[in-house]
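Multiple structures follow.
Common to both upcoming complexes is chain A, partnered first by chain B, then by chain C.
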Partner chain A sequence: MSYLFDTKSGTRYLMMGNDAIVRGALEAGVGVASAYPGTPSSEIIEQLSRASRERNIYVEWSVNEKVAVEVAFAASIAGLRSICAMKQNGVNVASDFLLHVALSGTRGGMVLVHCDDPGALSSINEGESRHFARMLELPLLEPGDFQEAKDMTAWAFGLSEELRSLVMMRSVTRLSHASGNVTIGDLPPTDKKAVFRYDGPLGDPDTGPVVTMPVPKNHVLLQNKLKKARELFEKSPFNTYTGPEKPELLIITSSACNLYSLEAVRLLNAGGRVGVLKLGTTWPLPPELIKKSLSRADKILFVEEVLPFTEENVKILAAEMAAEVGIIKFYGKNDGTIPMTGEMNPDIVVDACAKILGITYSPMPADYEAAAQEMLKTLSPVRDLTFCPGCPHRASFWNIHNALAIDNRHGFTCGDIGCYTLGFLPCGFNTMKTSHSMGSGIGIASGFGKLKQFGMDQPIVTVCGDSTFFHAAIPALVNAVHNKSDVIFILLDNSGTAMTGFQPHPGTPLDATGHELPDIDPAAVCRSLGATVEYADPFDIDGTQTALLRLMEEGGARVLIMKQMCALSPAKKGKKKFEVRVDENVCIGENCGCNRFCTRIFRCPGLVWDPERGVAVVDEVICAGCGVCASICPSGAIRKTEARA
Partner chain B sequence: MKVLGSNELIAAVIDAGLCTGCGACVSLCPYLKSHDGKTALLFPCTRPEGRCFAYCPKVEVDLDEASLTVFGKPYTGEPLGHYIDIKAARAGHKMKKGNFQAGGTVSAIMTYALQKKILDAAVLTGRDGLRPVPRIVTSPASVAESASSNYSAAPTVSAFNQAMKEGYKRIGVVATPCQALALAQIRSNPMKEKNFTDPTALVAGIFCTWALDYRRFRKLLEGRVDLNAIIKMDIPPPPAEKMEIFTKNGTVEIPLPEVREQVPEGCGYCFDMTAEFADLSVGVHEGRTDSNTLIIRTERGADAVNGAVRDGYLEVSDLPKENREHLAAAAGNKKRRAMEKAAGEGLVNTGSGRCAAVRLSSITVQRGGR
Partner chain C sequence: MKNSGIGNDPFNVIITGVGGQGNVLASRMLGNILSDQGYFVTIGETFGVSQRGGSVMSHLRISGSSAWSPQIPRGQADIVVALEPIEAIRVMAYYGNERATVLSNTRPIYPVGVIAGEMEYPDPGSIREALGRLTGRVVLIDATDEAMKLGNPILGNVIMLGAVAATGLLPFDRDDFKTVIARSMPADRLEINLAAYDRGREMLLETT
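Let's turn to the complex of A and B:
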């Protein structure tokens, strides 16, 4: 039985961290779940959508993180428990609304799960979202293992209701995507009733209108909530201490770093010398617990990801408590004992502890990394990040790159967020020259398109995926159209949120649970703004480049929708459109006139260079049958024929 | 001549501002493309040598080699180059009245050569609005569609390369001087291909003092001329100092100094006014608007002219001595100015391995176009 539906309390499952969070939410009787997909958070809503019918939950892929929080908030003030999930930078998007939610307060338990990505394994930033808790004055939890991920989630809803405050719960990639044992609890009844009461007096948390005003009064109330949180956290079972009563060194840690710290102590066999304080409630910190902990040792090491959040918060308390806890030597990110950026791992903690304690321990030989890299060279070829075989983005960037180069006015492309972010790399022919947050491609392009008066005559192109379009690009496109900015806005429409796993978005006709919804046509949206809209099939190389060259001669905001379904889309069912092969008698290989154009420049992984015979060959196993390479071969050696059904 | 690759070509010609957009490096491979008169390298090609470099008329072209290819004798530096005869010429009674620049001599000869299968294809340069568009023409009746001057640089040789790729063996080309020089290099088989045969059957050169940068020319005319309504353009002889643009909606005059500002730098290094490496060269006939000056340079050029006259496509007459002298003086002036400019910038016979604009014999250098 799936852990989603198992009602037998006490059963143990091997669960991914995100699954544990889902189970916790189910055990808390969550009524509404909303999110915008983003690694490493996406599985939370995906799994909840599977349980939506049986557990009576409304699950929604919202247009963006801010709207996701708004949707979940509505449920909360209608008396339901709600959960909202996002990746680290989603909190930035939602932060404006969150600032006001903090002030207005909540009713039904409301939990915001934000999954950070230390090391930027699947991100283009290494944002540290914990600081938002302090900035927004919201309580923050950090589960330290998989069981806690489940238990803490379930508990967070009650905490939210007790405080009448949204509760932030932060995960990281190595918790969300790693797996561990989790013992499940009971599932509550599924009958839930939503009513929004607003006819009580202003300021009544249960029945009054829900507004942030009067601000001075509500801000005091908010601080009181944090004060109450501090008191609750003093007794929280999620703050644990492991080690001797008076260790030589105390590690203060949280989240996945707890696991690294415990492993490091074990590896060093230093259990008798090192204690580990694992904090589950990292904002606001419980001062008495901190005082007690600081009194244990003269040396304190902070192990956390990414920035020194707890380190700095504890140091403030230590300064305030200096008279009682004495002088402490602190080690962490600020003094360089632990790297300020990147992912942590047990070796980093081992290294730090060994230095502080004077233990000689080398987790691996000094030259291990270099030797391993050297050995790998003989075992596997160097592989760049690249688009999948048959990916429409390769064809799109091919067309954009070539049209810009042929146009010959140093035009360039502003990028956005999706698989196509790889467009700045050789797989995208280094076409993208800027890449920032979602929707910022058209925003930046809108700015570039107004620099004519300063002599800038380079054509400005920007690319944006269909999901990103709805998420954050529309206001910037409105800006570009309204301000008559000279930009070509290219919508790379691959019919889904491909990068995070084909979640639906407002342009697709299904909801999170597979039910039909009206799909919104991006072209109609663009036209309604007054932009000219054209379509191109990126697999039609000549047609698309001709359209682009023509558009580059025109002014104002022009929209070109490059429509072609993602090669991996479930809707394609892995079916090839073309059988592709190379006529080896026609292929001119390295000779003048080609110089391995397909395998050296176009570089679809489905094309392989055979150095012995001096010809290109098609790897039939991975070729997706898009047929684009047949269009780019200068000799006509790559032949495509309609694949048999 | 040493043949290098596209990277050297870009550095020596395009980045140095010498490119005239003739198209010699285009349609050979997928790396180089021509658009709006400009040549662009789409991706780096790592080959140490390539046809793009070998065909370019602006790398270190050895004019002796080119001259030996076309005429079997070295380059002399004479103002009008090697020639057999100079005539006045115009279209004959077999030619329908067309939108000719002057006498219709080029159209007449190309029509004749296609009609008589001397050519299996003709590479001409027509016009789409203001934009010059090279075309491969196989029907004699279609030649006149490309008549009249464009005044903008056109990648005509790219269409020639395309015609070669399509398998045409006897190609006729109407070429500006730089294009004719590119063709001379192509004909010299610089890549030492086995079983090479000269793909040209007739190169009709046209006199050229400069060709405009298409984009800049278009910008100059935008707002003044309906580009899609252009019928013909002309620069009347001095002292008019103007360009006339004939459109469906009337004639627009542009002061010549404004037009000259749109001449690309690369034309300033050109020492050839009369397309010296063509089989025959055609240009204005000073003082006449219904006739051309025709320079016959090679035997096959002479054969084409004689045949066209015989069959009524062309009429020829003697060109007054005074006209010849004026022409030689103008051509000599262009040659001298270009050589002085190129030499002053170290672009003649560098010997340093750098790709100069031109390689000349020491005698020719001494003559300096005189």
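Let's turn to the complex of A and C:
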């Protein structure tokens, strides 16, 4: 049985952190769940959608994170419990609305789960979203293991209702995408009733209109909510202490860093000398608990990701309590004991503790390490990121790169975040020259397109994916059209939100639960704005490059939709359109003037070089059968034939 | 809670390979097999952008007493299962020790830098010798080649799990594997996965 439907409390499952969050939301009787996909948060909505019918939940992939919070908020003020999930930069997108939600307050329990990605394992930033809690004046929770991820989520809805405030709950990749054992609790009845009451007096939290004004009064109320949260957090079971009454060193930690800290203490066999204070309620901090903890030891080490959020907040309290807690030596990110950037792991904590306590610890004998490092250097060539075999983006960037080269006016491409971000690397022929937040490629291009008066005459190309188009590109495209900016906007339409696992979006005809929805045609949207729109199949190399070269001769905002489904899409994955092989009688290898064009420049993982025979070879295990390489060999040695069904 | 049947507590397994080889699925199958038996299992894994042709790695911690960190500390691997041979070296360089057991698939997946002629991929002999210098327990298995004989190269991951079972280092057998497969995959995939598991088991026994 799936943990989604198991009504028997006490059963133990091996769950991903995101699954644990989902189970917590189900146990709290969540009514509405909304999100925009983003690693490492996407599984939360995917799993909730599987339980939507049985548990009576409305589940939505929203157009972007701001709208997702708005959708969940409507449920809250209609009296339902709601959850919203996003990755770290989603909070940036949603933050304007969140600032107002803090001030207006909520009704039904509302939880925002934001999953940070320390180390940028699946991100193009290392954003620290915990600071939003302080800035927006919202309570913040951080589960410290898998069981807590479930228990804390379930508890957060009640906390939200008690405070009448949205509650932020922050996870990280190593919790959301890691798995551990979780014992489940009861599931509540599934009947839910939504009513929005607005007839009461202004300021009535249950029946009045939901507005942020009057601001002076509501801001005081908001601060009172935080004061109440502080009091509740003093007694929270999610703040735990492990260790001796008076340790030599106290570690203050949260989230996955809790597990790294516990592991480090065990590895150093230092349980008698080191205590670990794991905080589950990290904003606002409970001052009495912090005072008691600071009084335990005169050496404190902070272990957290990414920025020194708790470190700085504790230090403020320590300054206020200096007369009572005495002089403390603090170790952490600010003094360089722990790196200021990047992901944490047990080894970093071991090194920090060993240094502070004067313990000698060596994870490997020196000669073993030297031999291992030598092998690493000489025998394990690095794997640069690349597009998957059969990826339409490789073909799209090939076309854009070649068209810009033939055009020969030093044109360039602006992009943003998606799988196609890799377009700045050799796998995308170094075509993309700017890459930032979602939708920013067209915004930047819109700006470049207006620099003619300063002598800039390079063609401006910009790319974005089909999901990104709806998420954030439309306002920038409006800007480009309205301001008569000269840009070629290429929509890399691969029929889904590919990077995060192929979730639907407004341009696809299905919702999160697989039911039909009207799909919105991006071409119609672009035409309605006044842009010209053309289509190309990026696998048709000649046709696409011809279209691009023609568009480069024109002015204004021009849209080219390069349509080809993602190679990993459920409809395409594992099905080869073509059998591709190299005709070894035609490939003359090093003797050809091409200088290994196919493997050296095109760099598809499925097309490799056989150094012994001196020819290119298709690796049938890796090749996805897109057939694009057949168009690029100057000798015509790469042959494609329709694959048998 | 379980406290016997594993050599070290926690017992640390790393499954490594290249994105798309079924690394995550293998780690979940093994994790569920051991969780079913009452062990505490923690799995840490990287996927997302890292899967696009990059090295991927899952860390499994198996314990009779508690949850452990989703990242294994340096030098602490007990078993390294590599779906691609140079990934075994990459993992052993950081997590290896002389007591570790390495089970590695033999079939290379060339990094794009190798394909482009900018880097060299080591010959099989050098890989075997290097791994042999890092630990005395290295078994190389033609998992992908065998998987292709079974009709699908992706089954290499299950062949490797069969080989892990045959080492006897972890307490599970064919029935435990079958239970988890039956729970997590469509019924028509059961037979082929069991065949792959059996083949991996046989291959390990043949080589040792």
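Note that the second predicted complex is superposed on the first by the 624 of 645 C-alpha atoms of A that agree within 3 Å, B and C clash if a C-alpha of one lies under 4 Å from a C-alpha of the other, contacts with A are read in each partner's own complex, and residues count from 1 in each chain.
FYI, contacts are C-beta pairs under 8 Å (C-beta built on N, C-alpha and C of every residue); 3 or more make two chains touch, one makes a residue touch a chain.
Since this is a predicted model, take the numbers as computed values, not measurements.
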Which of chain B and chain C A:E263 touches, first, second, both or neither: second
Partner chain(s) touched by A:I632 [first = chain B, second = chain C, both, neither]: first
Partner chain in contact with A:A523 - chain B first, chain C second, else both or neither: neither
Greater chain A contact set [chain C / chain B]: C
Touched partner set for A:L99, first chain B, second chain C, both or neither: neither
First (chain B), second (chain C), both or neither touched by A:S380: second
Touching partner for A:I541 - first (chain B), second (chain C), both, neither: neither
Touched partner set for A:T39, first chain B, second chain C, both or neither: second
Intersection of chain A interface sets (partners chain B, chain C): 600-601
Interfacial residue positions of chain C with respect to chain A in the complex: 18, 20, 28, 31-32, 35, 40-50, 52-55, 67-76, 86-87, 89-90, 92-94, 96-98, 107, 109-117, 119-122, 126-127, 130, 133-134, 144, 148, 153
Chain A to chain B touching residues, read off their complex: 401-402, 405-408, 429, 549, 590, 592-595, 597, 600-601, 632, 634
For the chain B and chain A complex, residues of the former touching the latter: 28-31, 33, 35-36, 38-43, 45-47, 49-51, 191
Residue numbers on chain A that touch chain C, as the complex places them: 12-14, 39-40, 121-123, 145-147, 173-175, 177-181, 256, 259-260, 262-264, 267, 345-347, 350, 363-364, 368, 371-373, 375-376, 378-388, 419, 421-422, 426-427, 499-500, 596, 599-601, 603-605, 607-609, 619, 621-622
